[in-house]
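Heads up, the next two complexes both have chain A, just with different partners, chain B and then chain C.
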Partner chain A sequence: MNNYFSNHFLNSINFYQTKVLAIILFLLPFSTILFSQTMNIDENYFSPKNRLAFGNFLFIQEDYLRAIEEYKNYLMYIDNDTVRFKYAESFYRIGKYNEAADNFKSIFYGSLLSDEAKLAFYKASFFNGSYNSFRDICKMEGYQSEKYAKDINRLFLISHLMDESILPDTNHFLKAFPDSTKNKVRELYMMKKFPSKKNPTTAMLLSMFIPGAGKIYTGEISDGITALLTTGVLAYLAANNFKHEHNFRGWLFAGLAVFSYAGTVYGSYASAQIYNAGVRLNFDNEVKLYFEKRNYLLPKINFLKTND
Partner chain B sequence: MTAQSDWVKWDAKEISYEIHSPTHHDYTIDKSSFGLRILSYARNAYYYFISDVDGDNCPFFPSCSAFFIQSVKESNIFRASLMFTDRFIRDMNLFKNNNRYSLHATKKYIDPINNYLLEEKRIILTTGEFIE
Partner chain C sequence: MIKKIVLFTLFLFNVQVNAQNQISIQYEYAHNLMKTRQYFDAITEFKRTLFFDIDKQYSYSANYSIGECYKAGAMLDNAIQYFSIAQYNARTDDEKISAQLEIIKTNILRRTTERAHQILNEIEKISSINKDSVNYWRGWAFIFNDEWKEAANSFAKINPNHELKKLAEQVDMDKVSVTFAKVISYILPGSGQIYSGSILPGLISLGWNLLSGYWTVSAFNESRVFDGSVLLGLIWLRFYRGNIQNAGDFAVQKNNEISNKALRYLQHEYKGNRP
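Here is the complex of A and B:
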């Protein structure tokens, strides 16, 4: 009797275990669907909200080109000044200064970001390449920002160091800069006003008196000495051949000496021009490096770094 | 098992130590004017009888002969002669100012004719940019 019950009990356990196992095996393929799908199937990935979130993400990742696309699509549905600003700023950061300036203009009036937009507009115009046009824009009325007037004026003054325009008065120029930068700005101002250039005509005249002296004047000492030696040796050979009545050789060396002399005079003028071009290039690089390192003494706009 | 397939005795390989010139002379004749045609023949004769035999020895880029041809095209024969004479004297300078010239990929000094046309706006400096 006991044996019968125990066997029946064991059989019933096996039956239930098999049944549970079968159910688990049946449900196993559906488990991924049951647990993995947590998002709403009806979620619209291209909704304005998602576009803005993705645009902000791209902006922070410095992928401005794709951020522009997302902001553009967002602005088709919802008008938002912050997004407009970021849209324009994205153009600015990829070097499309014209587009940036145009888009900053759209936030000039009736916006809390009006002053920031005006500052950014001037910044975009400054980097657009033509400092003359930038200065003309600075003189236009209606674009002025009271909040950033000093910063824009400073940018206006810096533009004079970047091209061949007439420099403003020293005191007026330096007054606009903070004390911490005044010494360096004064130095740059003086370098611009009194550049250490060489006069090409002087170089040419020097070489006319002493062949090669003009090149030495422009810092090309070894070139100058070589020119002096070449012209001197050729002239000596010409004179010596004439003296010994070797007229053909005399004329040959005389011709070469004349060419050497004339070439040196010509080369001295060119050498002074190259020297001056080098002075200008070095100055331009120094000005750009100095102000770039200090963000052109412009304030940073903080909300651009957040995910707003 | 399959690596050793060649049972022939290895021979010494013929190696050429000749340095090949990275630049190739352009022998085309410029037929745009009579003067340039004559000049092209003279240049070709120089390339054939002197330069190709002597090798690629000019330390400048473009070479002095190319510099002269370009000078003639850009200005006139008289000015080109002055530019060439000046270049030739600078070529003879054994102690060249390394700061003045930037290096070409062929390790030659870059010395374009633009710097000697006496036009400041056309001067090209080491950055390779035209000065505006």
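Here is the complex of A and C:
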């Protein structure tokens, strides 16, 4: 009797265990999901969370073009102003200033990053190339940031050094800059206000009276002396050949002398224009180098470096 | 108890296998993009593979493939950067050599052949390396540096009848000597240009020199010393010096044409391995 009961009991246990085993084996494939959830592992590499993580990785690697794609996909599911900022900043870093400005604008209101976004917006507008438009934007109400008002005003003033616009009053201009930069900024301001340009008409007239004098006026001394000598020698050769009745050579050298004279007169005019273009180019380079080295005196936004 | 252990092991194994499947699917996806020449997207997906590949099982192959994608897109600096990372992550000598060969090939394409030679000299010391392969890419490095004779010597080490050896020898033979072109132009103005195959410019140069020489000599003969000196300095010597300079330039131009023709053949018609 005991044996019967014990066998029956064991059989029922085996039956029970087999059932449990079958259920466990059936549930095993789902264990990954359960395990993933409990261990916080998301195996979908394209989930918003993973897209953000990967996007941040790309952003730090300075692969902004790819980071943009990841952030864009993330923002389709979750709205986050930090990510929006990074998305816009990525456009800015690859030189797509229009897109950057538009995206910074989307964080202007109702965000803790509103002031930073406004500053970045002005920065993107500044680098967009049209300083006139930038100045117009600076005058618009509703975009102003109290926190960075001084920085944006400084950028507004710097823009006057970058194009042909009329410079603001000296005191008003210099007041906006910190003491450490004031001397250099004053120097740049004066260079812009009183550029050392040469008059092309003066250069041309000088060369008409004395061949090469116009070139000497524009600072091309050796060219001026060479032009004087060449024109002089050719004229002498023409005269000398005519004197010795070598008419063919006389006309040849006379033609060359006239060609050289005309070339010197025109060359002096062009030389003055080239000189002026050089002055402008050097000034532009100096302004850009000076302010670029100092990040246009703008504050750095630190949170961009983190993985947040 | 044993059953519990077995079940738990199965459970963990299942999780691990599934994770591995995910990463291998991702890698395959990236690889397919590369195969269909969607290089930008392929790079993104390879980078994603690397980012999520916690076990670092694709550290070599994904970086290597990124290098290949960049190379295909002619972004050679980036390609070298990723081949170098692949080399660093290589698990076997073969993988390491493979990455190094890609670095060499990319350096050849980038025309930083000095660096290509440097790496070739380094890997030549590895016993398992195929010496023919070293000589082959060394030959290519010489070709891209316009050193056809040295290239022919390198290919000859693989096979005296190697197709590229014959081509390099032919190019070397067809090229003209820049020094010789200049020297003969010293003696007879215009002859350097004619030697380089530019007959008309050579004859024009000779004509200008004869005319200006005649004017100068006749001025001195008529005792017009100043006239003669000016003609000599401003006209004749200018034509004479110009002729020598011109002869050198024509020779260089001719050599460039010969080299470019050979390079075009290698680019479009050569069936063997190319950088």
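Keep this in mind: the second predicted complex is superposed on the first by the 246 of 308 C-alpha atoms of A that agree within 3 Å, B and C clash if a C-alpha of one lies under 4 Å from a C-alpha of the other, contacts with A are read in each partner's own complex, and residues count from 1 in each chain.
Please note the rule applied: contacts are C-beta pairs under 8 Å (C-beta built on N, C-alpha and C of every residue); 3 or more make two chains touch, one makes a residue touch a chain.
Computed from a prediction, not measured in an experiment: that's the story for all the values here.
In the superposed pair of complexes, A:N199 makes contact with neither chain B nor chain C. When the shared chain is aligned, chain C comes close enough to touch A:H244, but chain B does not.
Contacts of A:N80 after superposition: neither chain B nor chain C is touched.
By the touch criterion stated above, A:S145 is placed in contact with neither chain B nor chain C.
Of the two partner chains placed by the overlay, only chain B lies in contact with A:Y266; chain C stays clear of it. Of the two partner chains placed by the overlay, only chain B lies in contact with A:D223; chain C stays clear of it.
Of the two partner chains placed by superposition, only chain C is touched by A:E69; chain B is not. Contact with chain B, but none with chain C, is seen for A:N276 once the two complexes are overlaid on the shared chain. Within the complex formed with chain B, the residues of chain A that make contact are 219-220, 222-223, 226-227, 230, 259-260, 262-264, 266-267, 269-270, 273-274, 276-278, 280-281.
Chain A meets chain C in the complex at residues 17, 21, 24, 28-29, 31-32, 35-36, 41, 43, 45, 50, 53-54, 57-58, 63, 66, 69, 233, 237, 240-241, 244, 249. Interface of chain C with chain A (complex): residues 3, 7, 10-11, 14-15, 18-19, 22, 26, 43-44, 47-48, 51-52, 215, 222, 224, 226-227, 230, 234.
Residues 79, 81-86, 88-90, 92-97, 100, 115-116, 118, 120, 123, 125, 127, 131 of chain B are the ones touching chain A in the complex.
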